[in-house]
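There are structures below to look over.
Both complexes below contain chain A, partnered by chain B and then by chain C.
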Partner chain A sequence: MDITTFIPRKLWVPGLLLLILIVLATLPLYAGSNRVLFISATTLMYIALAVSWAMFSGPTGYMSLAPAAFFGVGIYTTAILRNELPLGVIIVAAGIVSFIVALLVGLVTLRLKGIYFAIFTFGLVVLIGQLVLYYDIHILGVRGHPVTPTTYEIMYYCMLGLAVATLLAAYFIRRSRLGLALQSIGGNEEAAAHMGVNTTRVKVLTFAISAIFMGAAGAIMGARMVFVDPAATFSVGYSFSPVLMAVFGGMGQLYGPVIGATIFSLLEIWLSGRFPLYYAIIFGIILILVILYLPGGVVGLIPKLRNRLGGVISRLGKGGKAEQHANT
Partner chain B sequence: MRILEGRDVTKHFGGLAAVSHVDFHVDQGEIVGLIGPNGAGKTTLFNLISAALPLKSGELRFKGQKLNGLKPHQICKMGVARTFQQTKIFADMPVLQNVLVGAFFGSPNRVSGADAARGANQALEFVGLSAMIATPAKDLTLVNQKRVEVARALATKPELLLLDELMAGLNSTEISEAMELVTRIRDNGITILMVEHVMKAIMGICGRIMVLHHGEKIAEGTCNEISCNKTVIEVYLGGEAHAGS
Partner chain C sequence: MIEVLPAVLINGLLVGGVLALIALGLNIQYGVGRVFNIAHGEFIMLGAFITTTLFTLTGSVKIDPLVSLVISGPFLFLIGFILYRTLFTSLRNRAPSPAAFEGSSLLAAFGLIFVIQNTAILIWGGRTRVYLWPHDFAIPLAGTVFRFSQVIAFALAIAIGVVFYVFVNRSRLGKAIRAAAQDPATAGLMGININMVLALCFGFGALLAGLAGSLISMYSSTSEVMGLGYAIGAIIVMVLGGLGSIPGSFIGGFIIGIIGSVVTYYEPALVIPAYYTLFLILLLVRPQGLLGK
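Right, the complex of A and B next:
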């Protein structure tokens, strides 16, 4: 007898999620070292970034390379406000600032399609970075900001809260009429518009909502830094990583980017510790293999495996019955 | 009552006049056919009405309200729905979700989830696709993909439906079914303007026909008038052809 037959599927999924949440929430009690907390917080940050990226780019197919821009805006918000306001307020402020920036950028760029949109969002990272640098040097008369770092524990809990909030938002958007509108835009934008979908509003709004979480992630990361420098803050790596993680995990399911981000960020930490010189190459090869052979991402494997296993199980079942018949 | 009216509708692509000084109207409850050789400007006219292309010159009115300057989603919410010559379904979405998009967003008011589901299921039943609501739209045959487009347009609760070559690529049984479907849509109180090359269908169901050639309206009238019209025979039906064949 299979144990899952006793537990209804409806209870099974929330139960598992609750268990994971309890383990994560109590992690600092038995983590033992700050390193474990930092690695876990970084993983949670990547989950938030990948999930928020997939929130907009997944269903619509608009490849945004802007996460680093909003992430950087978040870090900078912390750098400027850290010594004056509590962290909670700063995180919310960073979310709002990112939302507004994304709204303005979205109104201009979301007319662009395909590769042009990707290139513009990529340029946005550099543009905002340069603007911040200019502001620092010419208006504030400094370069970079020293920050009083917060504890690993606080950073960890903030990231955990953010990851949960991002997942909830993504879950509700997927199930809402906004999610349906996004999917229809990805399916055929022209047809969506002729079916009454205000495509510009849907795109800009979702782009801006996803930026809230990217900005908040940056704000939390910034709170752990000792010194915030514009060049390091607006690093395009923070744009590529979430995209690669989401693609690696698979965007067909909500948990795809979560799995992608978890595997990816742990792999990165492990590889960069073991092969500090070659890890980028190994990483690239793994990624190319995944994109070539797993177009649905890691998550795309699950239905395939289930089919195979299902086939084996039903064959075993039939085999058993056949034997019974033979015996009678 | 005139449900749709166009005055001096003109559209240039570079130096080419795709639609040139066309005056036309569609009365409520009619099925009007729009015919003409390839490149005559039929689809361009559709694109102007549904605002897929901006109308810069001339004027379009739907139930007396000006359509100039409106966006496609606004036109749809006013009560003008359309299908596409090249089907533009949401390929990866199941049939029901395709139609739900129209049901949720096509109405000027906010539609509740239950109402949208009811509207979508009704539209699917109307076109005869109730058995396939869970199938991904890309897995359907051409005729069923066209039915999805019709259901999706119907789910927006239109008063005027623009059908762009609904019958192209269908076999003769499917064409008869499509003709019957179009008539039933009209009987439900929806006015229809259709572009079509299948003359059997046009002659069979349209009350009135307009003929475009090089972007200009060269003729207009009942089926008999059009099939006997010398210019139309020359540019479109062909010298030896007879309407209905």
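Right, the complex of A and C next:
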């Protein structure tokens, strides 16, 4: 008996997603150690970062190198507010602050050619890091902030919630008018403008929305830290990783960045502690190879494989039928 | 401020000259080769490390930094040329549009940063390095002291810039480069081997970065992670001076050098925010740069 006849085709994907969600939601019950929780939370964080990066840069082709800037803003928001407000409020606050920063950056740079945007976001991490350091030392008169860390369970559940929220937001943006407008900007920006798309508004708004999730991810990560130092908070690595993950996974489908983030965050946790130099070199080489040979990412491979396999299967099927004909 | 102003200005000019040389290399890589080479700083680092290694070799043979310019420059040219012929040419052939090539080559340049920087740490061990150039001496000027090595680096940077300007504007290859910068497709139809010209340009850019790195190592300490800061400075200089303009790169270099020097005098932590403020104003008022078309 074939099980597929009992379950309608339409329910397959939602059912599978629900199952994954249930497994993830009950993970702390049987995880056994904090290390498993921390690794899972880090993976979920990278999923949120990669998906939110692909939300804007995927369809438009505008290369944002700012994730680390918003991520750092989030960590720093936690550092300042942690001892005064509950974590939930801080996460929302970090999202709002990142949204506003992204709005300002976008309004200035997104009117111009894509390359200026890439240049500006590239240095944004260093710029905000330096400003925060200056503020810390000269205005607050301190260097860094001690934080009371939360438990691993709380961090894990926050990251899970954030990853789900990011995926839902990305899903609904793809299906909305905004998503169509973004696609048309990526296809041909001038034509999109002629069709009546307010290109600047669409770009700035999506860029700012994507920053909310990066800032929130930073806020949750900051809540697990013991001490937040501005110099270490604004690290360019958090800009490169989500970009590589999204490009590696492929941005044609929503689940592409999820696949890329899962693979690379596990790889990073496994390798970067033991061989940090080799990990960084492999990271760079994979990035170059993916750009060269897998422009659609891992997800881009699936239709190709399906075509190949599909051809083989249908040929087998035809062969079987032909045999039956011969028998009768 | 008034009494130290001449010293601050001279320092700004000295810094700006070398920065302009770096920006010039970036300018030709992006202006002609269409590769926004964020890994440019890594070429500077390689130039500096080659010079440092050749000078601090254990043994009797020590190669003077000024002599090693003729080693680091051509070596970096070769690296740049090979990179363009292999990696960037194949990206360019696959890209559906010039804009798509700019995006993918920018990402590939990021990959290069990781590979070059960490390979360098593997080879050289990740320590900050500094050496003393034996012909160096102090020059008392404008109430402060400058170093001869800094002045020599400045003079050579200007000289290399002038030679390069003459080369691009007077030679036959320079004409081909200018044609390729304007319209690669038409230039190709006119009988220019476009892939070769673009690869040469990328190589020249790497060569200039290597020379700048060698010069920097004469008066400043070097480390494997030094590249990014210089690359960001050079990017702003290039945008300020105007894409595709050689004199623009130098004017931009001097302006950024002087601004950096003045801000450092008051508050070193605000140098990068000052650069960015300038960059923002520029993007709003004159995005094509001072001498850009």
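The rule is simple: the second predicted complex is superposed on the first by the 317 of 328 C-alpha atoms of A that agree within 3 Å, B and C clash if a C-alpha of one lies under 4 Å from a C-alpha of the other, contacts with A are read in each partner's own complex, and residues count from 1 in each chain.
Basically, a residue touches a chain if its C-beta (ideal position, glycine included) is under 8 Å from a C-beta of that chain, and two chains touch if they have at least 3 such contacts.
Since the model is a prediction, treat every value here as computed from it, not as a measurement.
Student: Return first, second, both or neither, reflecting whether A:L168 touches chain B, chain C, both chains, or no partner chain.
Tutor: After superposition on chain A, A:L168 lies in contact with neither partner.
Student: Just chain B (first), just chain C (second), both, or neither: which does A:A191 touch?
Tutor: first
Student: Does the superposition put A:T199 against chain B (first), chain C (second), both, or neither?
Tutor: Only chain B is touched by A:T199; chain C is not.
Student: Given the touch rule stated above, what does A:L131 touch, chain B (first), chain C (second), both, or neither?
Tutor: second
Student: Could you say whether A:L292 touches chain B, chain C, both of them, or neither, answering first, second, both or neither?
Tutor: second
Student: Between chain B (first) and chain C (second), which does A:I22 come into contact with in this model arrangement: first, second, both, or neither?
Tutor: The answer is neither, since A:I22 touches no partner chain.
Student: In this superposed model, does chain C or chain B come into contact with more residues of chain A?
Tutor: Result: the larger residue contact count on chain A belongs to C.
Student: Give one of first, second, both or neither to describe whether A:T109 is in contact with chain B, with chain C, with both, or with none.
Tutor: After superposing on A, A:T109 lies in contact with chain C but is clear of chain B.
Student: I'd like to know which partner A:I119 touches here: chain B for first, chain C for second, both or neither.
Tutor: second
Student: Show me the residue ranges of chain A that touch chain C in the complex, using the header's touch definition.
Tutor: Touching chain C: residues 61, 63, 108-109, 112-116, 118-120, 122-123, 126-127, 130-131, 133-134, 137-138, 236, 240, 243, 247, 277-278, 280-281, 283-288, 291-292, 295 of chain A.
Student: Report the residues of chain C in contact with chain A in the complex, numbered from low to high.
Tutor: That would be residues 36, 38, 87, 90-91, 94, 99-100, 102-104, 106-108, 110-115, 117-119, 121-122, 228, 232, 235, 239, 267, 269-270, 272-273, 276, 279-280, 283-284, 287 of chain C.
Student: Please output the residues of chain B touching chain A within their complex, sorted ascending.
Tutor: That would be residues 50, 52, 71-73, 75-77, 81-82, 84, 88-93, 97-98, 100-102, 104-107, 113, 152-153, 156 of chain B.
Student: Mind listing the chain A positions that touch chain B in their complex?
Tutor: My answer: residues 177, 180-181, 183-184, 186-188, 190-199.
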